[in-house]
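The following pair of complexes shares a single chain, chain A, combined with chain B in the former and chain C in the latter.
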Partner chain A sequence: MSGPRTRGAVRAGQYLALLAYLAFLALPFLWLISTAFKPAPELGSLHPTWIPEDPTVANFRQAFAEQPLLRAAANSLAAALAAAVTAVVVATPMAYVTARRRGRLSAATTGWVVVSQAFPFVLVIIPLFLVLKNLQLINTLTGLVLVYVVWSLPFALWMLTGYVRALPAELEEAAAVDGAGRLRTLLSVTAPLLAPGIVATALFAFITAWNEFFFALVLLKTPEKQTLPVVLTHFLGAEGVADLGPLAAAAFLATLPSLVVFALIQRRITGGMLSGAVKS
Partner chain B sequence: MTLLTTARRSGENAGGPAHRPAHRHRPTDHGAWFLVLPALIPILLLSVGPLLYGVVLAFTDAQSGRTRATQWVGTLNFRDLLHDTLFWESFRIGLVWAVGVTVPQFLLALGLALLLDQGLRLRWLARALAIIPWAMPEVVVGIMWRLVYHPDAGILNETLRDLGLGGGRDWLSGLATALPAVVLVGVWAGMPQTTVALLAGLQNTPRELHEAAALDGAGAWRRFRTVTWPALRPVALAITALNFIWNINAFALVYVLTGGGPGGRTRLPMLFAYEEAFRYGQFGYAAAMGCVLVAVISVLLAVHLASRLRGDE
Partner chain C sequence: MRARPAVVLAVVLALLVAGCAGGGGGGGEGGTVLRFQSLAWQKESVDANKELVAEWNAAHPGIRVEYVQGSWDSVHDQLLTSFEGGEAPDIIHDASDDLADFAYGGYLADLRPLLSGRLRADIPEASWRTTTFGEGVYGVPFLQEPRVIIANRKILESSGVRVPTPARPWTWPEFRQVAKELTATMGEGRYGVAWPLREPVSVSLNLGLSAGGRLFHRGGDGRVEVRFGDGDATVPATVNAQVNTDRSAPRTTLGMGGSDTLPGFFGGMYAMVPLGFSYRQQIVRQAPEGFEWVVLPAPAGDGGLAQGVSPQTLSIAEDSPHKEEAARFIDFLLQPDNMVRLARGDWMLPTGTEALKDPSLRTTEHGWATGAALAASLRPAPAQSVRGYPEWKDKVATPAYQEYYSGAIDAAELEKRLVEDGNLVLARYQR
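Moving on, here comes the complex of A and B:
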């Protein structure tokens, strides 16, 4: 058996390893923040420092002046909200059926959820591009939202099915015994209990759409229609050292909504993923 | 807008073939189908349909902006692909990238999950920090690491200079360093999901067995191998399979970091197909690439699942 001294050494080693992990996870992000607040001369310095010597918000002002960030953010917000709301409205009833009835339909849904993870997007995006072109939906947020809804459905179904399974079916049966109709039971018993799960799923779909890049890159052509990630890439290219500041500032701002929303739902997301995984 | 479109489509399709199996299967329950249709129709129209259409396109000479009608070309695209050394090079890079990201991602995440399972003091901080890579837009992750790797203003070279390890490398433009540099970013970006999944798996392992093994004098490694790993194995297999698929389909990260350069050293299959389809307009050829990718992924998955089933016996 190990004595107290070796145990102490093991603990110390564990803390050291944990600190190394924390540094690996956090330092790149801290560097992004640091760069965002550095004035141009400091960015050109041969010996960059972690903490800006003369912090400034000039980079943020310049970022807004260089690229239409506000409009891009508005586009992203509109697309992500529409996609998230539509996805849960469509997915919740299906998830309910999948969770409550075992049969061919449930098996097919689960199968599709798994298979859809393996799609190379390029095989799907070319036909989608042609279909949306025929519908005159290329270079429109509507077209993008349609793609986002379908794209976030597998995960939404997965999570929501897990949440429905976690609700005891006896509650609904009890309501039925008390004489409540089927619709009434769904609306007054199931829906309120499911609401937190629905909100978490919608927020996750929101983040996914807010962060998405590939479909937006292919489907949106004119700068006025483009979403935030696409506009951010306009900062790239032949960047001089002086342009790094605005780039970092814009990238930092684009991350904040996702971080805030994700922090709110993190526990629910991990819980939902697992209940879906464990019980299916 | 979307709702309207969906509703109109569901109207058009009501009474379609989708209804019939339900009738045969469970003659009394129409309600279930009304609940399922709103999701089923977009799935069929915008996911299953395009997938099949994509496979069909692979056998045509479809190009963007062409006035002449698209024609069947049989397996011509696939025969061309066989001799396309650039594609196979990109394919090789894709495999190196996917394995090079998935394996360290798994090992590092396993280490972190085991640490977090020990009840150390800084768990809350690790949880909070793990959110960052997970929630960040991939484009921002790419931009952020470009700043870290930047030859002059980047912190990596500065740190190396301070440590006296040389420096002044241009990591993302160097022929030898570009792929390892983007692989590191891939590992960073995917670690949190993997850690969370593994941590959940760990928390399902039977505590009593652990304690019993410890009482019997089993060391940490033996306890891990005989108690923890068997319980963790299904989760580990599932998450590595998913990670591999996600990694081989990766696009945004590398698009932002290197755009596929230098000299194609980081041109993942997705970037290659994207350029083929949307820069050169070769829809048919790009669709054929997509088919090859699907086929390879399916084979790898089948092998993976088979080994998993064998392991369970």
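Moving on, here comes the complex of A and C:
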């Protein structure tokens, strides 16, 4: 007999479990913030506290003084924006065709997407490096953007295909009945409905590129072009020794854009992943 | 009008790509440009490197050096990719234990015809052996750090134990006894020593030299075999006894890195911590006010104070078109005065005998004198020229040492795994 009281208790338990899980996920980030504001002696304290006893912004000052964080952030921003926009521009028409024209090509495309996701980047980095070298794109943000686009394209395509499939084809048929041509239908009917999906996909590609480390490390040679994740490693020494305070301060600042962007789009990303997952 | 979003998108894209492509090229205003990738990361060290590069550039307008900051965290993969792609820096900062693959792979220049007689003579033969692979010398070893014992001065002095010096170090049995005595005086939940052994293999092998350990034995045919003698057993047996029999060392720190043990050290939980010499910088920065500490030599055995090290190195890429200029820059960077600046920046010891005489490295402040006194005892890390060592270390030795130190297996099982399983691994690399 599950009365309203039992159901209420179950619901309360569920929320409590969810809250505990959220706290578990948030702990590393909260610890990062706490560390960023602690002075050096507190970082070596035997009894660390969540809230700094003697909060300071000295770590931020030191991080900015020792490393070109703003320049690196500008490089990351340029690379991530370019990668996100390009990925969406390329993936959107592909996704439309994959979703609407079901056939061998569509199946092959989906297969390619799955297979391409299986390659670890250490396997492709040397061939990729040689290709980019022949194109004279080593040590350029353009080369890095190209890699990011290729890297995020499969998942962007998969996401967008889900969004397109979720749009009823009947809407396009109705527009055709009303006399709209293919292009007009796409621009006036499909594109506005697809906009949330496109934004979500673009932001996903942005976050991926913003956080990426290894390609940037290998492809960019001159300090003026290095991106934020690469510059963050300059706070790390051999054998895992780190300049913890400035590293935490810089890492906290580097996390903020991803966090804000993800907070804005997380619902849409989930929606995008789910749409097309089940037949309507 | 309907096409406006697409047009805007195209314009944004074009602008971004144009922006990304801008500012390329660089250099090329005449003269030679050398790229020097440094792994210096602590502020004093980065400053010292940058100042030296600036001084070189001011004195040599025809050979400009570009300072590029690399990272210890990923240097091997980054260099490998750069070598394969023919885009490696001209001058490469690394560590001797990372050079074997690059040297045997033909990526690094043999420095023998390039180095000055002064530099060859200034650095001891034992240090040159760390960068000699086959017939060639593939790096200049310039900074090194012994493992020392950093101790809480108050606990040590109040306990009444004999304080060791490089001239009269503790023996391994004496060290075990001291740790036991300190533990007894410190009270419940506190320990005489804490062993941070996240990387147990290098610590065990390098300190093992002091007890006459070798572990790797090279035959006349050049093949390497693992053998486990009494000397190899001394250090592991001491640690094992401290953790599992005497309870003078905590089990919890066995999985920690050196930095992780510092809060406990500052808080008086541990009286001594065996650490690399450069950890002093962290201690100076993080120690609470009034905390007094002292640097002691690691215990000695049949091998005296000997211990293995993998010095930091400077190499030249084989593909560099300016090897002679690069060698001249290295020679400048490693002039005795400059080597002292680099050593102080990294809180390490210089390999150069002239630099080591500098009074600033002989002061008792922060234990510099103790470290300097150990320099003559430093030897190449036993394993660094052994082919197949990384696999032996990861698959066989690391789990075996970890299990032995935590008490999960006994000494016989440790020996069996290191020798029997280990030789199977090494054999694959020596066919």
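Methods note: the second predicted complex is superposed on the first by the 241 of 280 C-alpha atoms of A that agree within 3 Å, B and C clash if a C-alpha of one lies under 4 Å from a C-alpha of the other, contacts with A are read in each partner's own complex, and residues count from 1 in each chain.
The rule is simple: a residue touches a chain if its C-beta (ideal position, glycine included) is under 8 Å from a C-beta of that chain, and two chains touch if they have at least 3 such contacts.
In this text the structure is predicted, and so the values were computed from the model without any measurement.
Aligning the shared chain A places chain B and chain C in steric conflict. Contacts of A:Ala40 after superposition on the shared chain: chain C is touched, whereas chain B is not. In the superposition on chain A, A:Val113 contacts neither chain B nor chain C. Using the contact criterion defined above for the overlaid structures, shared-chain residue A:Ala205 touches neither chain B nor chain C, since it reaches no partner.
Of the two partner chains placed by superposition, only chain B is touched by A:Leu153; chain C is not. After overlaying the two complexes on the shared chain, residue contacts for A:Phe29 are found with chain B alone; chain C is out of touch. In the overlay built on the shared chain, the residue A:Asp243 is in contact with chain C alone; chain B does not reach it. Of the two partner chains placed around the shared chain by superposition, chain B is the only one that A:Leu18 touches, whereas chain C remains out of contact. In the superposition on chain A, A:Thr222 makes contact with chain C only, not with chain B. In the superposition on chain A, A:Thr255 makes contact with chain B only, while chain C stays out of contact range.
Here chain B and chain C are compared by how many residues of chain A each touches, and B touches more.
In the superposed three-chain arrangement, chain C is struck by just one stretch of chain B from 170-178, 188-196 or 296-304, namely 170-178. Shared contact residues of chain A, touching chain B in one structure and chain C in the other: 43-48, 82, 86, 89, 122, 125-126, 130, 142, 145, 214, 217-218, 233, 235-236, 241, 244.
Residues 40-41, 43-48, 62, 66, 78-79, 81-82, 85-86, 89, 122, 125-126, 129-130, 133, 138-142, 144-145, 184, 187-188, 191, 214, 217-218, 221-225, 230, 233-244 of chain A touch chain C in their complex.
Chain contact summary for the complex, chain A toward chain B: residues 1, 14-15, 17-19, 21-22, 24-29, 31-32, 35, 43-48, 50, 82-83, 86, 89-91, 93-94, 96-97, 101, 103-105, 112, 116-128, 130-131, 142, 145-147, 149-150, 153, 157, 182, 207, 210-211, 213-214, 217-218, 228-229, 232-233, 235-236, 241, 244, 247-248, 251-252, 254-255, 258-259, 261-263, 266, 270, 273-274, 277. Remark: chain C residues 2-3, 5-6, 9-10, 12-13, 16-17, 19-21, 23-24, 26, 35, 39, 41-43, 46, 66-69, 71-74, 77-78, 80-82, 84-87, 89, 95, 198-199, 257-259, 262-264, 266-269, 276, 278-279, 282, 285-289 touch chain A in the complex. Every residue of chain B that touches chain A in the complex is listed here, in rising order: 1-3, 5-6, 21, 25-26, 31-32, 34-36, 38-40, 42-43, 46-51, 53-55, 57, 62, 108, 111-112, 115, 118, 120-122, 125-140, 143-148, 150, 152-155, 158, 161, 188, 191-192, 196-197, 200, 217, 238, 242, 245-246, 248-249, 251-252, 255-256, 269-270, 273-274, 277-278, 283, 286-287, 289-291, 293-294, 297-298, 301.
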